[in-house]
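Each of the next two complexes has chain A plus one other chain: chain B in the first, chain C in the second.
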Partner chain A sequence: MKYLRRLPLSAMLLTFYSLLFFAFIYAPLALIVTYSFNANPVNMMVWDGFTLDWYRIILGLKDRPVDIVNSSSAYLDSTDQLLEALRNSLIIATSTTTISTVIGTSAAIALARFRFRMRGFYRGLMMMPMTMPDIVLGIGLLIFFVSAGAKLGLTTIIIGHCTFLTSYVFIIVQARMAGLDPALEEASADLGANEWLTFRKVLLPQLMPGIAGGAMLAFIISMDDLVITYFISGTDSTTLPVFIFSMVRRGVKPEINAIATLIILVSIIIAAVGLWLRARRKD
Partner chain B sequence: MATPHTRERLFLFGLLTPVTLLLGIFFLLPLAVIVIYSWLMPGLYGGVEWEFYHWNYGRLFGWADGVMEIYEPIYLKILLRSLSLAILTVLLTLVLCYPVAFWISRLSPRWQVVFLFLITLPFFTSLVVRLYAWLLILKPSGVLNSTLLGMGLISEPLEILFTRTAVVIGMAYVMIPFMFMPLFASIGNLDRSLLEASSDLGAGRVQTFFKVMLPQTMPGVIGGSVIVFIPSVGNFVVPDVLGGAKGLMIGNLVEQQFLSARNWPFGSALSVVIMAVVLGVMLIYVTRLVREGRAS
Partner chain C sequence: MTQILEVRGARRVFKTPEGGTVAALDGVDLDVGQNEFVTLLGPSGCGKTTLLRSISGFEQLDSGALMLEGKDIGRMPAFRRPVNTVFQSYALFSHMTVERNVAYSLEVAGASKQEQKILAGEALEMVGLSGTGSRMPSQLSGGQRQRVALARAIVARPKLLLLDEPLSALDRRLRQKMQIELKALQSELGIAFVFVTHDQEEALTMSDRIVVMRGGQIEQCGAPRDIFRKPRTKFVAEFIGDTNLFETTIECVHGGRILALTREGTKIWLSEETKLAKGDAATVVIRPTDLQVQDAHSSCGFRGKITRVIYLGTDLHYYVQPAVGGQELLVVSRTDGSRRAPGDEVTLTYRPERAHVVEDC
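Entry: the complex of A and B
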């Protein structure tokens, strides 16, 4: 209180506003989490007691209430669909992360360590996928795959994700690259190591934090991508965001709260671990 | 035996080939395909006829032949609405984030880390989930209306959901982290002594803000605005979830052309327009950066 009294009014207002701002950011998420435990199946706004039933239902441990099954708007046909979508998302995110990390890192090394004529072109090219609205890239890939006669599915989604995630990895690895001392690599070469050995024993270990950060970002964005996936996924390759999107489109149902809460929980854990690791490295 | 020089070239070639193939085939080529499609004739049952056809743009901008393709001012209106929506989103996020960025910049480094973490955290949560939350808040029987009705501030529910207001709120909400980070980078680097000097010389708060603080933090303001504007223009997810028919945007129009109307050439023409807007903004931004780089 003493501290507060010393502050001028304007500073207090600013603090008050900032705390409101954070409430504005987190209230919607808190709301979903709260609702996911509400027993009322008809009106979520009315608290009807604590329950874990919605979690049991989405995990297939419990059948949904009869009135929901019978209504024409029942849509979460089975837990299998949800798990299938989750499995697809994980396959896509893992493959995409691997591919785009390798390609993005190679490009970052090439642009940082070599001088060549097309350097400016490549620098611009690597920035382009990040500035292109995702809907444009999505329909471009859709037309391209369909005209090329490719079957839409996991493979096309993985390719689609790689095109823009490579740029994200590139940016992060490049930032790390800029902070490195090239003298170490020169020393390695002077001591008789060839390019490959220098790359593996000198450059790669130093780049590792950047590579890991880029890979983490790629994984998270791939798991959450909706727009590009939406256009280039086939009928049997629904991902988690596309699945939830179609659920939300068909109306508000208590099960969505439970799924959304699980997603919030997992993403917060991943982000917290990632940022914590990064903060610890800096110390 | 290979000389060091050719070995180096080979190494460079190996590093660049994958990215060249990936972006050449799956990024540049699809973009070119969109541009080509936008000048082709739509087929009768979806698909295209390989014939030069400029009425796709005519439908949008007004020179349609009136027989095969009809000019509808609604398309142009939707385009302008999307642009104004993107600009509104930029302004709203700017006004929301600026004071908070200033507040955080004056905290101790330890608290700065905590609050910056709190700003970025929602970015890692699913976009659809965050929009779904606003669906719960804004619907007629939702949290906002129950609260306002309960407090007696309104006598009947506000109809916010499925209007443009809902789209702007949702868009601003998901774009906040993108605006915040560049803004904070600028405000965090602000030289505090300049503000003190300004007030010592007798300038009021308002004057100090507009004459000293805002010009000093302009790079962050512009950077954040560009980063928010670009994904806002063609966004179709936010209007889809929160906008309803009244909040239809150019992104939804493109989606319809591809997934329900099956008029790919017209959809491509609309996308080319989105692309042109984005490239235009980027071009102005980059030239500005280059010019400033030279000036300093």
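Entry: the complex of A and C
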């Protein structure tokens, strides 16, 4: 308190503002986590004691209470479905990350290093999908797939995600590329490395932070995408966000809180591992 | 001396974005001998970098020939040319340790790890950086990075080393130190150096031969002493060191002796061979160090009055306004003579063989 009193007014206001800001961001998350341990099955706003039941239920370790199964509010049809959706999401995110990282990176390198006509035009084309509203992209893709006679499923979702995730990777790698001294590649060639060796030993490692950042972003967006996926997923290829969305449409129930909490936990673990790896590489 | 590099009629024309063209190289002929230290000197934009990049292979000549040890390398891709470069920006690979940077050319050539380690260690020792091999380039000072770039370029013992203003980012003291070290390293290695600079002092200290360029062409090529003493043109005279220029008319030529008259009517005696004849216009150069300040009553020379005296440690700069009018003259003399003050009437004398006629372009 002594410390607080000595702060000038501006600093105090700033501290207050930051606290408010973090509260604004983290309060909903904290609420979800708290509710996921609430034993009250009917009204989760009312605390009814601590329980891990919701976790047990979504993991299939425990059957849901009979009264819930029989009531109309039963919505988690089976844990299998949830796991299936999660599996789909992971397959889609992994493939789209791989594909869009490769395409986006090569496009960024090509546009930065080779001179050809209409470079500006191509650059614009690469960025466009990112600026397009999701809903437009979703409808466009749906019409395209349907008129091309493609069966909606994992493949169409992967193709659909790649169309806009490539832009994200492209933009991030391109920024890294622009900051790169062209003399580095010349130095490599000068020292006797052919184009392939220069790419592998100099260009790729130099671009790696950008590529990794782009890939991470692509993975997260792909895991998280609802609007576009909603249009182009078939009936038997549900992703996690689409699955959760359809659950919520039938009412927000405690199990959703448990699922959300698990997702938050996984995100934190991934971010922590990322930070740890980075810190370790520094020294 | 056998030539390691021969450049014949090199031409390179760039299109400018404004739609015009610039001849960065406009018919350049250049020979570099084995173990020779050649400096390319010239004002900004005269084509030094373009010439260097053409030799290393990053720039293609529009026409002309490029021979390395008698072999045509004009069409050879950069990575095959046995020529290495020290870049102005150093271009060190920031993701590799100093040792891996230095060993890079060995690594891509497929040398064993052990060989890489030994040779990189030797190269680092040569540039006075042993013990820093495991650091990253970001953990070095500017001068140290410069040395790493140098070690990296010499580790595979190229036939020819190209250096594009490698010292321009260093402070004056470090630069002078590096100039001496570079020169020593060059004679130790026995590699020919082509060194680019636009610092004439640097060129004079280090070079076996200086190539003065201007507008994509070679203006003059010769030993530092010749370039300084006998500049071929007014441009070279003014570019290399301070100089006093006199616009004159030849009054008479007689057996290696020339008498020239300035516009103001001052007589200048020269002692050199010339094709000029009576009545021709001629520009005469006398270096500030070749003028001596004498008492006013001395016989021949330039009469005048001292306007300014500048003390520069070992040297004194006198600015003298000739009595007959015309441009102020600069005299550089040692501080250990008799001091004179502004306002003193003096006569400036010179030895006739130190006056020199240059072409007027």
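The rule we apply is simple: the second predicted complex is superposed on the first by the 258 of 283 C-alpha atoms of A that agree within 3 Å, B and C clash if a C-alpha of one lies under 4 Å from a C-alpha of the other, contacts with A are read in each partner's own complex, and residues count from 1 in each chain.
In this section, a residue touches a chain if its C-beta (ideal position, glycine included) is under 8 Å from a C-beta of that chain, and two chains touch if they have at least 3 such contacts.
Keep in mind that this is a model prediction, so the values were computed, not measured.
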- Task: Check chain A with both chain B and chain C modelled on it and let me know: fit or clash.
- Result: fit
- Query: Angle chain B-chain A-chain C between C-alpha centres, in steps of 10 degrees?
  - Reply: 90
- Query: Between chain B (first) and chain C (second), which does A:114 come into contact with in this model arrangement: first, second, both, or neither?
  - Reply: first
- Task: Return first, second, both or neither, reflecting whether A:52 touches chain B, chain C, both chains, or no partner chain.
- Result: neither
- Item | Superposition-derived comparison: chain B or chain C, residues of chain A touched | B
- Message: Quick one: is A:180 in contact with chain B, with chain C, with both, or with neither? Answer first, second, both or neither.
- Response: neither
- Is A:90 touching the first partner chain B, the second partner chain C, both, or neither of them? neither
- If you take every C-alpha pair with one atom in chain B and one in chain C, what is the shortest distance in Å after superposing? 7
- Message: With the touch criterion stated at the top, can you tell me which chain A residues are shared between the chain B interface and the chain C interface?
- Response: 194-195
- Touching chain B in the complex, chain A uses residues 10, 14-15, 17-18, 21-22, 25-26, 28-29, 31-32, 35, 43-45, 102-104, 106-107, 109-110, 114, 116, 122, 125-126, 128-129, 131-137, 139-144, 147, 159-160, 162-164, 166, 194-195, 220, 224, 226-227, 231, 240-241, 244-245, 248-249, 252, 256, 260, 263-264, 267-268, 270-272, 275, 279
- In the complex, chain C touches chain A at residues 56-58, 77-80, 83-85, 87, 89, 91-95, 104-105, 107-109, 152-153, 156
- Item | chain A-facing residues of chain B, complex | 7-8, 11-12, 14-16, 18-19, 22-23, 26-31, 33-34, 37, 96, 99-100, 102-104, 113, 115, 117-122, 124-137, 139, 141-143, 146, 173, 176, 205, 230-231, 233-237, 240-241, 251, 254-255, 258-259, 264, 267-268, 271, 274-275, 278, 282
- Query: Once bound in the complex, which stretches of chain A touch chain C?
  - Reply: 181, 183-184, 186-195, 197-198, 201-202, 205-206, 208
